[in-house]
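Please go over the structures that come below.
Shared between the two complexes below is chain A, which has chain B as its partner in the first and chain C in the second.
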Partner chain A sequence: MNRPVEYTITFFAWISGIILVAAIGMLISFLLYKGIPSLNLSLVFGETSPLDALLIRKEVVDGLFPAIVGTTLLVLTSVILAIPVGVACGIYLAEYCKTRWKPLYNFFIDVLAGIPSILVGLFGFALSVFLHKHLSEHIYPCFLISSLALACLVLPYIIRTTEQSLGNLPFSIKTTALSLGASRLQNILFVLIPHNLSGIISGIILAIGRCAEDTAVIMLTGVVAMAGIPHSLLSQYEALPFYIFHVSSSYNSQMELMKGFGASIILLAICICLFTISNILKRMAANRFATRT
Partner chain B sequence: MKSFLEKYAERGFLLSAILSASVTIFILSFMFLFSIPLLKGGHIVQFLRLGWNPHDGKFGILPMMVGTVIIAFYALLIATPFGIGCAALISVFSRKGFSSLLRKLVEIMTGIPTVIYGFVAIFLLVPLIREIFEKGTGMCVLSASIMLALLILPTIVLFISDAFNSVPKNYLDAADALGATLVQKLIYVIIPSAWKGIISGLVLAAGRAVGDTLIALMIAGNALQIPRGLADSARTLTSHIALIIASDYESPEFKSIFICGLILFVFTTLIVLILRLLGYFEILREK
Partner chain C sequence: MKKTKIKINGLNFFYQQKAILKKLEGEFEERAITTIMGPSGIGKSTFLMVLNRLYESIPNCRVEGKVELKLDGRYIDIHKLPLTTLRKKVGMVFQIPNPLPMSVFKNVAFPLKLSGIKDGRVIEEKVEKALKNAFLWDEVKDRLNDSALQLSGGQQQRLCIARAMIIEPHVLLLDEPTSSLDMEAALKIGELLEDLKQKCTLIIVSHYMDLTKRISDRVLTLKDGRLEIS
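Entry: the complex of A and B
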């Protein structure tokens, strides 16, 4: 291989690195440049006083507050729905599952993890149509359907991280309590899970991030542009990512656009924080046993 | 008493596992259930044919399929060389401090919400593309492909750099002993022994590109036509689903979106099968 070719390849690698950094830098700095001026309390609360809004004494009409509350409630509900099933499934796959059945479960969960989020949304929508026809006339796409669909979306993340963090434990830790006479369940609850809790939590935080950023699922399952704070599980609601999408497609004034930029910064900050925490926890969990296996 | 608890806990775990696996089956069966009326009517051929005009009873989803394939293809075409270049930079060329910094940046990129990529693209990329082509709105195949490439780039980079890192160390030592330069090591040792990982990363990225909704919906223009060039507006299967959700549950155009859903589902399953064949999940689990 001659010199010029070698130089070209090295040069190209550096160029692609620079392009990547530049692209992401431009994206974030553009967002900050446009959005920073609009970041203030009235962006969130409009003309209502923050205290009144937080205590839900007054409705916030022209701020992001309902969207932020909607996203928070949505994330909480879906993660609470997904955690027990996901963690239990992960425990089953890591500890109980027979090797004969494991590939089958793995296949289904891998497919679920790969399904485009719009399909999960379509599933939620179809579910609401089905329930509307066969169960109750009052069921339309709503908060509950959205959180169910989002729970399905993030289930594989929780399952995988739980399974991996239990499976990656050193053999000695897995077997010590068992050899001392602990039962399988005791071993899982008091030894295995506490030993790698940070791994499991990193999966849950990743799931929270995915819930918060996802737009395709909620678009099909009941999010609307103006709804206020959701009052019941069957009501429609607002959410931050959908607000951004809505602004981008149908803004009427510069004011509204500025609010869109503000909302983008808030969402970006939330998501990056969550993903960073998740990554740090994952690294901690991985490093813990790296040295003494 | 203890064995009683033990038994029920195990059953609970088993039940959750079955529930999780059946979510996939539920999704598939709902897609089927809702598209049965159309499949039964023998309209399948009609669906694959050209044209979309609900008033004339035309529900061809061919334009959407072509749009999906073209946008995803260009995105992969743009992202692949840069992805491999970046991965090589992280794993081979740069020093440890810089490479871990770059890697962290790429990891952070995976956390940026899709809707934000789309939102920024509307105000940053679309006007630029409009200037370049000097016609149309700038919402076209090219804009969507560029943005989609940026979206799937982290997946490609992280995966391929992992594949590069998992090349056995004695291979590298042997190459070093023979006096190979970094580029020679990359071309003759690392890439040949990590090709499975490279392909897996690209297949995974293709899955992401086809499955993404927001970018195509926001900046591909959503015109119902088969795109004939980079400057044409196009609609993908995913954005088609998002656009058609109509209030009339009985209308044929509403049911046709479930056919789109089925196609996407089959595609996802294919991706998972290919990745299995390549041993991707084994690579992932070993880590």
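Entry: the complex of A and C
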């Protein structure tokens, strides 16, 4: 390759990196600039005392506390629902699936990954209508339906990362236990999954981000304003992305819009907390396996 | 007179329709070291993988012909044996040492865990015996709880041999076990293999002519997909 072409490619690579970092920096700076003035305890707890709210002794009616709890629980429930199915499916594709069936499975997973989230929300809504009609009249769009719909939405991330990290393991590692007389399942449980744990957690981190930001799915499946903290899986609930969408699309005063920016910072903080916890788990898993005694 | 441990009749091996091994015939003696030589890419490692059916982990492979293993005095087609049973009888050591990222002790005890042995005392005794048999005990007896990845290349390879030997296989396949080691470590492995000959049948793929000739009872050459006596 001649020098000018090489320099140009290097230049564009640098510029792309700088643009990416600058865009993220600008976005976060803008949010902080707009949102920090509105960040205070009354934004979160309203008129209720923080202790009463945290101990769920009194309901918070004019603060973001129920939405914070709703979002955190929603992300955790969705990810917990998606992990077993996603990891099992990834293992199946990497270890058990016959070569001739793989393209078919990959096609369906790609389709699932490409479905617009509003359609997944619509599916969740249709499911709740179906269950309401045929199973119980007490079932409406609720926390559980939202969690199930979000779990469907993030399944492809977990499946793909599990499959790829298992598939990328060297042949010598894949066959070590097999050559010692391990069954396929023993090989998966004792060698492949422990080796692959940090890869699986990477998929979960992606899934957390996707669950926390999605608004379209939850709008159709159970989120409402002023629902309070969900008391059961069949309750309606509040969530930060919906609050942000609602405030930014129909605010009545500048102060209300500022609250939306405050909510954005809180959502960002929740995501950073969940990412950090996942990353710590990922590092612990990697270290544990590297130096396991 | 030595008895035959493995009989091979008309063995063909195909990878994606391409024949790698063609109408292979041969016999391997019990409690002897047989070395297979031949240029790179000729199918020596593939042949070893056929003997314990490890090739089944690779997609698009196909085997024709018969490989019989002598167990309890009679010859059994390896394709009729349950896979886990076969691999416990026919162990394998790879070219690059592949200890699992866990302690020295757990590495050697790993096959016992797979076999469902839970008695701690039995496990400790067997691990010690296996490490002694692999001439490794004196070097690692104070480091049993250290990660096996911290051992030197030669020690790792002897650890892998100890791990393969702990379940007392009838046959041990070794795929260029000394090629990634320095001369001193390779000589130690050579010594170890001569000693192991008393306990099981060894089939080695190797490039080291000197070492191989010194320790082998028989040297075969794989040429054009066929085994020939050198």
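The definition used in the following text is that the second predicted complex is superposed on the first by the 240 of 293 C-alpha atoms of A that agree within 3 Å, B and C clash if a C-alpha of one lies under 4 Å from a C-alpha of the other, contacts with A are read in each partner's own complex, and residues count from 1 in each chain.
The rule is short, and it goes like this: a contact is a pair of C-beta atoms (placed from the backbone, for glycine too) under 8 Å apart; a residue touches a chain by one contact, two chains touch by 3 or more.
Here the structure is a predicted model, which means the values were calculated and not measured.
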Item to complete: Have a look and say if chain B or chain C is in touch with more residues of chain A.
Response: B
Worksheet item: Touching A:L220, do we find chain B (first), chain C (second), both, or neither?
Response: first
Worksheet entry | First (chain B), second (chain C), both or neither touched by A:L20 | first
Practice prompt. Tell me which partner A:T99 touches in the superposition: chain B (first), chain C (second), both or neither.
Written response: second
Worksheet item: For A:I173, is the partner it touches chain B (first), chain C (second), both, or none of the two (neither)?
Response: second
Discussion item. Just checking: does A:C89 make contact with chain B only, chain C only, both, or neither of them? Give me first, second, both or neither.
Written reply: first
Discussion item. Tell me the contact category for A:F12 with respect to chain B and chain C: first, second, both or neither.
Written reply: first
Worksheet item: In the superposed arrangement, does A:F245 touch chain B (first), chain C (second), both or neither?
Response: first
Practice prompt. With the two complexes superposed on chain A, say which partner A:S183 touches: chain B (first), chain C (second), both, or neither.
Written response: both
Fill in: Partner chain(s) touched by A:A126 [first = chain B, second = chain C, both, neither]
first
Practice prompt. Please identify the positions on chain A that touch both chain B and chain C, taking each partner from its own complex.
Written response: 183
Discussion item. Applying the document's contact rule, which stretches of chain B touch chain A when the two form their complex?
Written reply: 2-3, 5-6, 9-10, 12-17, 19-27, 30-31, 33-34, 81-86, 88-90, 92-94, 102, 104-120, 122-124, 150, 153, 157, 181-184, 186-187, 207, 210-214, 218, 238, 241-242, 245, 249, 257-258, 261, 264-265, 268-269, 271-272, 275-276, 281, 285
Item to complete: Could you pull out which chain A residues touch chain C in their complex?
Response: 99, 171-183, 186, 190-191, 195, 289-293
Worksheet item: What does chain A use to touch chain B in their complex?
Response: 1, 5-6, 9-10, 12-17, 19-21, 23-24, 26-27, 30-31, 34, 84-86, 88-89, 91-93, 95-97, 104-112, 114-123, 125-127, 129-130, 152, 155-156, 159, 164, 167, 183-185, 209, 212-213, 215-216, 219-220, 241, 244-245, 247-249, 260, 264, 267-268, 271-272, 274-276, 279
Worksheet item: Mind pulling up the chain C residues that touch chain A in the complex?
Response: 52, 54, 57-60, 83-85, 87-88, 91-92, 94, 96, 98, 100-103, 105-106, 110-111, 113-115, 145-147, 149, 163-164, 167
